[in-house]
């Protein structure tokens, strides 16, 4: 499959397996060493990888800036949490059920707002996020403002809280790997070609025979599924879900920042971006002199990237290390 | 449901709507001229609040001097933001300018949180109240409306009566053509950013005379401004003012018939709906 | 700045430790206590106060030569803390780090119910004992935890006490409005208040939540005015509470009794001037309340720790400001842990857990006793809320403790 | 020869401005038809009406006997109408090969990615762009971009090719080459409707020439007929008498 | 006295060259026309002379002053004014405001009243519609407004880019008559036009541009008679 996809680009390079292998090996470290705090840190990093990789599909490949993307994370989280608590199903079933509301919103609301372009679309996604958050705050069946929380005994069904946390971690890692794989496959498919054509010139795309409405909705759905699964894992591990943490605008923007930092429209960009972002954050927070100014410094760095390094870290690496070009997509 | 609250709430809503409208005018002016959605809008509003705090509580002066000062500081701050963060990417795709202004947001919020903490602040301004039946109108609100309307009027006078203002409009209409007419378009873009920021800071300053606030308070008004701006048509200052009134009224009146906590749900639903049905806004008919 | 202070504190602790290190043979040991602080984000301010309380406790223990156990071991507390940015996911990652990397012996909590919930899950997963301050959420303590101990009076009692107080003040109150911030904590408090009010024969004429970001209370207050209740109960956090109180005053709502969460005990609440007059608020602790050996004996509890006045002086000296209840909460969390370790005679988790379960303690923070019921294990059962009211004092305003009657500094007055 | 494309009384208007006014003409299957007229005559608007970008106010457009008015552009594309734009619109960030692959994958034949790439490579070979296949399209020069635009349209495997000023901006040598390309495309059985300013080329290539001026059809005929038509000369060079008058006015 | 001297001008878009070294000398007080097929680089030439796009190489000097690197508004200040293709009016502003904006440059400001009277005399229809939004004007009126706006700047050299584009024959004639009147009034004009016949008829001097190079230049009258020009625009000479 890969060989034929690359057949005309010269020698096939095993970019995807290498990338997946690196992520998988890193993700396996805490399981091998049994280090829970590394596990917690990587859980968060894998979450960021998933969110950034997903938003990259709609924003990077298709050119639609989604500010409210975290809405899918929240919907998946709520869907799964509610399923576990009310229906009493197993986490894996619940995670799958959590995807349903996310996909529904992506199809119905996405189908409508994807007609908008540029800043209008970005603002609409923001509106959707805020509307959903306000709605969930008032929606009593899902706990309203209080949200939902597990009784600790729930984790007994998964062999105790510790192994539940491990399971959530493995699940999260698989979701991240899945998101990367999906991103790669989209990038290298006819579908992805349609997305990029839409990004470059939607009017030309139509004349070339592409149905932009359906193509964009499909991309939106793909970019909604993985955050929904990540939300399921995240809130399962958390034990509590409430509107504020499920629909957090800051986290939404955080994933866009990661995409830009890593390199927009590339497969590896969100992964590298997430790693760099986490490293940077950790550095700022543990450095006493910088800790209180961490937000300011983050802002300055973001500004520098936006103004001077538009192609992100992937771009920087590719221009500095020509040999890396074929290996970094 | 008790309709006794209908009239007072409608009046309160309209009064506050004027101030919302003023903040939104700032956002929409910047968009109209520079095509940039300013994500630093909220922090800028908060800066306006703190200018009043500094003048009233810090220097012990009349808080309305703070309102005036906020406008001046806003003009300067907006120009600085434009030159530092926006000018270089003024022709880049949306994501770039959105993130550039968001970076400014982070810088302001980060610095302000560190220096000023997130503790709640209040400026106690007591101008009495007008009362008639069950309607109470606070003096501060009346003054805020007067100032907001005066500021909006001043903006219009500037844009439509002065050469400089017309130059700003010319740049908004066609940047290249304005340049051909000898207008320094970068200077006008910076000026527009300054004016928009001045309006936002003035609105923030007025809000500080009415409500308590903290470093992060701008966020609420920022999202409200987005709603208003879309309602009135992106880039349309009159639309923003009217949109402000509509949102103010909507907030006041819907709260009478439904639980107040549902008001934001309605507000955002209206926002998304308008984007879908009439992306140019209820009043936007320009293109 | 705060980060540096913590570092300084840790450094001081380390120095003290080093100084003691060469002493006795049974060996002074380090007692590692971990928690997170919110140096940024929504909880920044209150978290700072709580951390100051914790720090003061640790400094005092270190100065006093550490916690001395029966077997002669001396434990010197060493604080390990990180910035959680007021975010639940950070809290979880950092508590895992505290437990597994820093190998802390015990945990204290971050500030606020939301963050505590997240931290509690991690503590419980790892079987680490955590004494919480700064969180009054009921639901957290009804999750079947075994190692989490709550110091604050649970939120469900915040307004029920106010209702008792109100009826004691004026039995003719018949109608009330309950309005609260739509967040987890305040909603829970309001939810507990409603059935209690109804059980006392009161009619709830308005019961609504308002959005967390609300600054303009005019629509809500107009609605309250239209419903004309005798009393208003509710609120949320400081800022909304203050703004709400001002709106109620400005709109001349004629309720005889107004009780709000969180905001009234804050000294800066009086910034709204006359609008603060008559407003009642529940507090976990007030400076003017005297808990001492006598009150301890009356309650059948053991008195432990410094006197209120000594604490206040020490705090003033250290931080140049009066302590708030957040500060005392942090301090008391340390104190309770200290006492339990002493009782247990070791830092063995099972022994300390047993000691905590058995505790009936009176400290400068008030009484402490934990539920041992499996469903609500660790929930606070004995700590009493006090109620303050802003009253006229000369030209200005003063906050008076008005309830319980035994400790009050002034009688309750109806609102004008 | 039967008409592959037939316009019948097509009028396109924007608000009050009538850009194409009651235009009727046929494009015979297998032919090359030239569409000429001064700037602003409505030529590109005709193209936009044919491929569904604009909806005519009145009239019908028959493609292979079927009225395509009101059909979305992407469906019209799949029926086999491809277009090469006057203003080249390469997908700048994509490679040349990918640009052409888009044509192959979403055009009439709707090939899979692999087959699409193969077809695209073939077309690039044919149009002399094979050595540029892996370059980003943005890096091409004007002539190459024009060629790319044409390649993308051809890769779709269209029955009708709308070529909008494909020769504009090319040097004589490049024009010469491009004429060869057109011959090849036609030989493959593709019907071509071309807008062109370069008269030698139009006259040389076309079987039939349609002339528009101010949105109206002013002449249809063989190249020779059209070139001799005074109305066409006036439309194109401006009224020579008007020029005379202007000159005569000289004091 | 105004002079514009362009030497070896090279320019293009996104790395793609359009102009390959164009030389041009403008004669004071005369009307110079620049003709050439679509894509020959006429508009790019005007835009790079104005500084709307940065020239890659070559120089532009105005009255002996090197202005190559100046931005468009600075050149406008020096008297070089372009009336752009497609008019580019300030559509949301009134006719009067558009004209006022024309008089932005320092030189023109004090003369605004007089200039207004002049252009209103020249284009009475604009005077009638002074309060209307520019958007609501007809195509011909819009083009008049664009030229009038350019004149408000009191240019020493006026560059006109395709003023007859999209106009009906009658209006086109009016337009050319106007341009000739301007020339007679002593204004130095560069006219870029697709209507070769008419522009050569009113021009003093002509340049024929092809593929970004000057193919021919000379007195307009001579160029007009050259069969090569006819061939370039109408195909074969057999058309005669």
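Details
Per-chain numbering from 1; labels A, B, C, D and E assigned in written order.
The working rule: contacts are C-beta pairs under 8 Å (C-beta built on N, C-alpha and C of every residue); 3 or more make two chains touch, one makes a residue touch a chain.
These figures come from a predicted structure and were not determined experimentally.
In this assembly, the chain whose C-alpha centre lies farthest from subunit D is C.
Most remote from subunit A, judged by the distance between CA-atom centroids, is E. The mean-CA centres of subunit B and subunit D are about 50 angstrom from one another, to the nearest whole unit.
We define each chain's centre as the mean of its Cα atoms; on that basis subunit B and subunit C are separated by 38 Å.
Averaging Cα coordinates per chain places subunit A and subunit E 53 Å apart.
Once the centre of each chain is set as its mean CA position, subunit C and subunit E turn out to be 77 Å apart. Multi-chain contact residues of subunit B (touching two or more other chains): 110, 113, 259, 261, 264. Those residues of subunit C in touch with two or more other chains are numbered 40, 182, 209, 211. Chains touching one another, given as pairs, are A-B, A-C, A-D, B-C, B-E, D-E. Looking at the complex, you find that subunit C touches subunit B at residues 40-42, 44-45, 182, 208-211, 213-216, 218-220, 222-223, 225-227, 238-239, 242-243, 246, 250-252, 268, 271-273. Within the complex, the subunit A residues that touch subunit C are 35-37, 39-41, 43-44, 47, 134, 137-138, 144-147, 149-153, 155, 160-162, 165, 234, 237-240, 242, 244-245, 285-286, 288-289, 291-292, 294-295.
Of all the residues in subunit A, the ones that touch subunit D in their complex are 4-5, 7-10, 188-190, 193-194, 196-197, 200-201, 203-212, 265. On subunit C, the positions that touch subunit A within their shared complex are 1-4, 7, 39-40, 82-83, 85, 87-89, 92-93, 96-97, 99-101, 114, 117-118, 121, 124-126, 139-140, 142-145, 182-184, 186-188, 209, 211-212.
The touching residues of subunit D, counted against subunit A in their complex, run 51-53, 72-74, 77-78, 82-83, 85, 89, 91-94, 97-98, 101-103, 105-108, 110, 112-114, 116-118, 121, 133-134, 152, 156.
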